[in-house]
Amino acid sequence: MHDHNHECTCEDHGHSNPLVPTMVKVVKITDETPDVKTFYVTTEDGIPFKVMPGQLAMVSQLPVGEGMFSVSWQAEDHLQFAIKRVGLLTEALHEIEVGQTLGVRGPYGNGFPVDECKGKDMLFIGGGIGLAPLRSFIKYCFKHREDYGKITILYGSRTSADLCFKDELFDKWPKEKDTQVYVTIDNPEEGWDGHVGFVPAYLEELKPNPEGTIAVICGPPIMIKFCLQSLEKMGFNDEQVITTLEMRMKCGIGKCGRCNIGHEYICLDGPVFNLAQLKQLPPEW
Amino acid sequence: MSDNTAKAREIAKKLLQEGTVAMVLGWEKGDEPYVSAPTVIRDAADVDRLVLDEYCIHDRAALLPDYRDRSEKIAIFAKGCDSRGIVRLIQDRVMPRERLYIIGINCPGMKDPNEYFRAASGMSKAKPAEKAAKCLSCQYPNPVIYDEIVGETQQPRDDKRFAEVDKIESMSADERYEFFIKEFSKCIRCYACRNACVACNCRTCIFDETKPQWVGRSTDPVNNMLYQIVRSMHVAGRCVECGECERACPVGIPLMLFNRKLIKDVDQLFGPYQAGLSLEDDALPPLSRYRVDDPDEFM
Amino acid sequence: MKVLPSDKIREALNILAGEAKVYAPMVQGDASGYFQWSDNPVGELLLDTLNTYMSPKNIVMPQTEDMYKFVAQGKDAQVTEVVYAGGPRIIFGIRSCDLQALHDLDLVFLTKGYEDEFYKARRQDLAVIARACYQPGPACFCESMGVDRLNPQADVVMHDLGQQDFAWEPKTPKGEEITAKLQGILVEKDVTLPQAAEMKTKVDITGLSEKLAGMFEDPAWDELASRCMNCGVCTYVCPSCYCFDIQVTTRGDAGGRFRCWDSCMYKEYTQMAGGHNPREFKKERFRQRFLHKLQYFNERYNANLCIGCGRCVIMCPNSVNILEVITKLKEVRLDA
């Protein structure tokens, strides 16, 4: 899933200088939640580079800065980024309008093990904006539906307004073959008659069967920690549990040093790790 | 100074054995004879590690903010300059007085271990000075605040603190600009001066802010100058002249020159005033409080 | 053997500087480092000390390095120029320890999936004239880190014969090329190479990397980190520390992205936008530095990142000493 060898060269990544972005245009912006927007970007010649589920790209508003985001889906003719407004760059991104030119470079990271998971039942567990990277894998599974078994999606957010990708969550995904979607919010709300409670607690209620299942988790570090404990209790072994880690990133190519956990660089050897690999790393995330 | 070492160990042992403090901030010998390294003693059995000699130049108060969010009582060895730093920290509410047991050291002046190391290692041909540069004009060698004292009372040294300042002030504007640009061009923005400074204790430093980013990180003359000037202005009126900034600087920028200029200005405009001398309310830095009779001819 | 006489060194540097950027050890006031030579240099040549305070890494990895320029107006934006600082370069007088650090930097910037084009531009046409090291200091421990201080792998190796006369040994075709340029200056002489003084400071790092792999949570780190003030001087004077930041500068509609040195000692190094910081506390950053130097780099690149130059030991304002850290870590008894 991740290797230290990286025999590929810059040419394989479609750019002669991995630190210099390609210009793209924003063709569409949708509001997912009060502080999350999805940006659809592309160039005149189509997508700037192919992206596998779970991979990342650096998006820059040139005068402001650059940030690493997961590509929440690579469509035929555009890339989608779901971006939460948390800091200087994301605030600037949330101000832009359709037609804006941004810079992107990538794809970075190891992506999800889409081939190794073929034939398995998939259990996706997401919290908040963590659904964005999971979404790329979820949609990939639906695109290649016959390659995967039962699909279960468990997702939670603080409030109903904070749930991302609502139309897919409530409308499209439940209609897919052999797919169950469970959504929860932290506290009771007027008008919400769905499940109420934290994601790890809901997970324990659902008691998923570990046999032949791969669990893929993405969300706030605290949620991941509790879910890992629960899955272990339920009998999932370390190779059956996958997560994506997040660290501050600047170069994206494993050189600037800051995104390391132990000797792994999250931008290059990650961000996707299974629990067995995680346990080899220092608990620094 | 070995009497002082014996006394220091005795004091520390008593404090730890009686449980008066949870830890003692002092110094211990390193591998080289000219290294007395800052250390923390928590167990009475370890007090024989402590030394008090002429290489104990480090300002132990500069590391007090590490313990700001905790509650245990701390004993700290403090020379004159260190004690002024402690007053500053108390005034800045980083550390309440009650948490500190201050063992004052009447300081005869220290040697700079880094100068000795540089010479001994062959990195520098310069002979290490008998006394560190920062100690030469010291006006407060005896601690201004303490719970007990070690060493003989010292006299303040010859006050030549503003000799260099006067020299620069007598330059023309162009000459001054040339001088400063030359010095600032050496800056590599390591921020050691800020991290060594006892007056620089903001939880989030202005130079770490991103919204907005006040000073860029590139090492061009403009950004370097901005960094140095802003930092000097931020500590204006609060600098206790411990000289740790200049000692820490790996490229030898005369940082105390800028600080002393501002010390002189604050003293003349709002003073007489020297930072960190007393815990009385009216001894707060002039730029930290407002008085109706503050001078305003420059406005 | 050929000899470069001390009174001809300036002339030699001027000749070489006619066709390449030449970097030599120089001192300006209290600041010594490898600066660019010109016939009217800022500062003086410094060939009679062990080494310089600032390392030569600035030659391939400058403190501030422009990456690309752009124009951004309203909704439009484009990269207008990518800045490559190519061209021939010569390091004159580098020590074996710093040369080993340069090889570590090559591993970082030129291997593992991507080649850093900016580094490559500065590095690929870099000739190395090294100085063999006969008089180590008390903070030197390069031999313990696997450095051959008397036989650096360079294009030319110089040996200090005293009074700043240097024996001159070309070792590669590039070295021969440089030697040919200095034909009129180098003299042929019988020389006795100096006696190499023993390197007194030693530390045994066998098995250290493996032992550290099990010591992440060890309480020893609290004590070791207590005197550090996270000032970052160690990382800036270190010839093999390479962490960098990428930042942007703008003026009106034009701007540029540049990179600059950064340090794992700083809190914001790992500060994430949402507020989470995996290395919030000093101990965690201190631990990161030493584990990177002594364990992670070995695991990833199979090479030592610390090359034993001793600069961090000499320059640390609070007397943190990597030798002491290694010794204390080795003494820790791990439970079976």
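Per-chain numbering from 1; labels A, B and C assigned in written order.
Here is the rule we go by: a contact is a pair of C-beta atoms (placed from the backbone, for glycine too) under 8 Å apart; a residue touches a chain by one contact, two chains touch by 3 or more.
None of these values were measured; they are calculated from a predicted model.
If you draw each protein chain as a dot and join the dots that touch, every dot ends up joined to every other dot.
Among the remaining chains, the Cα-based centre furthest from that of chain A is the centre of B. Nearest to the overall CA centre, using the mean of each chain's CA atoms, is chain C. Compared on C-beta pairs in contact, B-C and A-B come out with B-C as the pair having more. Once the centre of each chain is set as its mean CA position, chain A and chain C turn out to be 38 Å apart. Mean C-alpha positions place chain B and chain C at a centre distance of 30 Å.
Remark: chain A and chain B have CA centroids separated by 48 Å (rounded to whole angstrom). Residue positions of chain C with contacts to 2 or more other chains are 245, 247. Chain contacts: chain A has residues 87-88 touching two or more partner chains. The touching residues of chain B, counted against chain C in their complex, run 30-32, 35-40, 58, 62-63, 66, 113-114, 117-118, 120-125, 186, 188-192, 195-196, 208, 213, 216-220, 244, 247-248, 250-252.
Within the complex, the chain C residues that touch chain A are 67-68, 70, 72, 75-79, 82, 108-109, 112-118, 216-217, 242-248, 250, 255, 257, 259, 262, 264, 269-276, 278-279, 284, 288, 291-292, 295-297, 299-300.
Residues of chain B touching chain A in their complex: 210-211. The touching residues of chain C, counted against chain B in their complex, run 28-32, 48-54, 63-64, 135, 137-140, 223, 226-227, 229-233, 235-237, 245, 247, 249, 258, 260-261, 263, 266-268, 282, 310-311, 313-321, 323-324. Across the complex, chain A meets chain B through its residues 87-88, 91.
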